[in-house]
């Protein structure tokens, strides 16, 4: 294991360079461009003064958060057709946007957002692995920025966030457990995991899938351990971006 | 914890009564009706002598397995509209059928199915929690029955399955970790996990989600432990159904 | 005509073995699994406390009955794609579900179902000819069971059914008029008829189509005659299933 | 019955004034504007030198005939939304176009149309009852005109039609059986039948439906009788239009 | 330029023979069949006593006019699939119906149509170039006829039209600027323009497009000039049709 | 006219500040972020080694250029639903992407792109008026960058562009003709024009529409004049961006 070298020279437990640029989409209430190495995602948060129809139908109170995720057609090395052009729903995108929404709602007190929907949009500008974890990590910052602005404008009276949230991938690459896989590693990985945690160290989501393969319990435990390491660093970077 | 009582009287580590009836859909190559308590799913496996278009497009060899999952409209207490009637894709169904497909392909040597697609269909007849784990557990039996028949007919020369696969849910219900949640428990659970494993004890998938909530690492570990217990029992029941 | 032998040994006027098993889908208000020989259809009836939008739009009073028909993908010898997957409406299914709905409404006093919609779902588990007539015959029993239960629960104060309804196919097979065609006969038939009648001997629907062929008036009359014979027997079987 | 008066003064066995104007759509191979009283339908026939994909897939030889039926939005007293605008398939239109296609194919020797598809389009310009029977009656004339032209151009070497086809509605209106119902009669009718026959007196299709009602065998027989009378007259009118 | 001869013998500034037949679709409030040479379009206008949903949503007052444009499948030399059959929106049709709507609304005082939507439908019966300009020119006459009838019936108290509107194409054909191109000319033209003007000589729309080509300012000016000449003649023909 | 002041202080003939940043989407072959004041559009160009299906069907040679245009949901002050979510095609987007494609193809020698499709994607990041003209202007630069790179890689042997292309809006705002309208001006404008021209001063497209209004020929001429002024400046800025 001493001699193992990741293709880009990183150590097992090392994140790619992470950057968060705020204010990328000025018409959104909050927005960031987040980079996990070459992976770049535009994350924005927009407030709407109405609730989804199903909440009305079910007589539910409070607010809601909905996430949408999309890959821009030029984000991949081979151009990816738009959902609207293909006229067919992309199952992977649906899975990811459901994960983003669930992850942010886990740290959100919807009761403090009465009658409001927070829309979180994640559009991948460049895809090099880990777009869903970059999306969650960036979406939290965009949403928190939006909340700060809405509190400044007295639209919200209290902060609905009771913790921060970040996400990172881990996986088994040539029998080695590694953190934050890029596209090349992800493609070759036999196990692919995504870990979503709060800034205070609680778990929100663990998704660990064999890619047409299986894995041992020992491997599972190491993937969780690596996730904890990554989330800790991402939380620091998020806090720095928000404190500017 | 001694005094904790699950609504249906089960212990923390206890599965619901599991039944597997084979041959339910005679036109399929293999089929079962599987019951996890009140949850009932029709699982069938059908062989098709062609590959999906994308495999041709990418020049891929071998075979493929595709899964489809659907809830029959009368499977729920309130009638559920059909996908085809709503004219809108149900994100949850897409997630589940991707999971079923991934789980079975993890124990399948696709190279032994040259030019063939195995279609696995899971239609929920009655839903009372755990429909996706019942689907995976039943789908394996249906697919194995199909494979046995195709080998008997000399359509396949070798068994493409190199292990069995089963799945079970675990979750945190009123702060207690429990196995195989029924609908009532699932609805109240703060954490919901699905564990997919092979008969030989390897992991295929761990999905552990806070339902607008978070959970500690200790809880995560207990949920994994319960999953292992459940899978062991399900594997025995699958083997019995197949040995008839 | 004395020497004519149907492939499965039946006489011209003979139905296939008919079976009706009640309670197959416990979450439905009423349900049956009906078998016309190898043809098997799950029929269920579910009540919903609201009317279709178009009735509101037109200011109509009373209740409504809507039918949906679908072939499960593994019901045919070659797997049939799901409507939702093909993303295209199947004209044959639409015709059949319109026929089922019309047939049941002909014996239903919708005025006794104020504000309620009765959903009738027919899902074909195995297809061997006559799935539409088995669907109508089974759907009546499922709907009647639902009505009996709703009356027992005081949800309905009077029985909206004023007669029973059953359906059977007839056709011209190698120049012979026969009753209740199986798939093989149906495929070879030059004329294909479906007769829907009430238990009291009234007609609801006669559909008699040349399959890229024509037929004489004498043949038409014999097809109607055979239909009357079949319906009489089916009505007895329905009554027995309901009296259990 | 002596005193019975139909709203427009017709006798029980009387057709509305029938007119057939040929050449209405000059770019079609054959076309007519057919009028059954106020009901007006543009019928056209166009030849295409290829077969539907499913025929290729099934390795079928010969030719094919496909029919499409649509109501122009201004054909009804209240504007009817276009199918393309509603984005939803109209079940009634599908039923009708399947009927038109089946009816014409019954008198067509597809083996004489090797590799060709005859498209028959029926667009309702004004709807006053009987649009499907006017469509079939007009579609035959348009298709026959197209065939005559293709034979003149040596595109077809033999006439694929071995008989003519016409259609007419009959129904029970205030307990009286009448021929060729207009919209007002159709709306009030308790039984609605459509009879499709050849010029030589053979049946192609009998569809007799109770409109949320039932009918006796005697009524059924009278509806068939009236259909025969109507078809005979329509055949004469078709022949006259074709002999011009 | 003296020797230049258009394929059908017309001069540069000459329209094709224009005919307007009123009352073609009797169930519409107003309707015409308009011919620009071989191009034939059915234009109808129908009134509906409600506003589009988006006007309600935006709290807008007054009335509205919506246009729909479609080519009948037999209007072209090769049959054109229906939008509803292709299940895909035709971008060209959308562009044209937006242009028709915008053109008529430019001369319409929507405030005088409180709560009403005027539906304008243009269905091309035969296409030989200029279908969009024939549609606008005919749609105005149909809409004006509808308005006259609604005023006669006291449904409208004042005429919402404050001017007439007509449209004509111009283009560069073999380096010559010509008026009202037929299909052959249109297909060969390097520049294609559509000019929409009022009867009083105001402009509503100028659309001048190089067909994978560019053009000089001098050419642009000549195309506008020819449009003015054509519109003047079309306005006279419209007035004549309306004064009958 | 001397005293007229545009809301943002610009003169009649003055463009907003224009910026072009290249390389914004590194996985595309060429890409820019273009700003017309607050309007920001990501334009990318990607090459694909196949032709659209319809070119094959029609046996066409050479290459093709296809454009797609979309507004990111957070580009507007109120969040705009995604096309894929609304499940309905946006007519405006279709019109715009057709215009972008036509404009670029007018200066492109498709014969020099044998067997290749150049995909041009324009995604609006911030919308403040003129998104279609910014898209065309930026798309040209992205496409030219792509072409330069493909020539450098010897994928293309000759430059298929024979001129540059840019676009700008003009309009009538409170009776004054102005250049490059922002959202506020555009919303209030009675006439809205888009002018597309080449770098050498040729016209490609003139679209001048009254917004439910009409305009005189003098106004039309001034709008064209302003367009020429704007295009000249834009061409200089494009050249500068490309020469870096």
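General remarks:
In this document, chain identifiers A, B, C, D, E and F correspond to the written order of the chains, with residue numbering beginning at 1 in each.
The criterion applied here is as follows: a residue touches a chain if its C-beta (ideal position, glycine included) is under 8 Å from a C-beta of that chain, and two chains touch if they have at least 3 such contacts.
Note that the coordinates shown come from a computational prediction; the quantities given were computed from them, not determined experimentally.
The minimum number of touch steps separating subunit A from subunit F is 1. Common partners of subunit A and subunit D, by the touch rule above, are absent.
Relative to the C-alpha centre of subunit C, the farthest chain centre belongs to F. Ranked by separation of Cα centres from subunit E, the top chain is B. For this pair, subunit A with subunit E, the centres built from the Cα atoms lie 51 Å apart. Averaging C-alpha coordinates per chain places the centre of subunit C 59 Å away from that of subunit F.
Centroids of subunit D and subunit E (each the mean of its C-alpha atoms) stand 33 Å apart. Centroids of subunit C and subunit D (each the mean of its C-alpha atoms) stand 27 Å apart. Across the assembly, subunit A contributes 89 as residues in contact with two or more other chains. The touch graph of the protein chains shown is a ring with every node of degree two. Residue ranges of subunit F in contact with subunit A, taken from their complex: 24-28, 31, 38, 42, 44, 46, 48, 68, 70, 72-79, 82-85, 89, 119, 121, 123, 125-127.
Per the touch definition, subunit B reaches subunit A in the complex via residues 89, 91, 94-95, 98, 102, 105-108, 110, 163, 198, 202-210, 212-217, 219-220, 224, 228.
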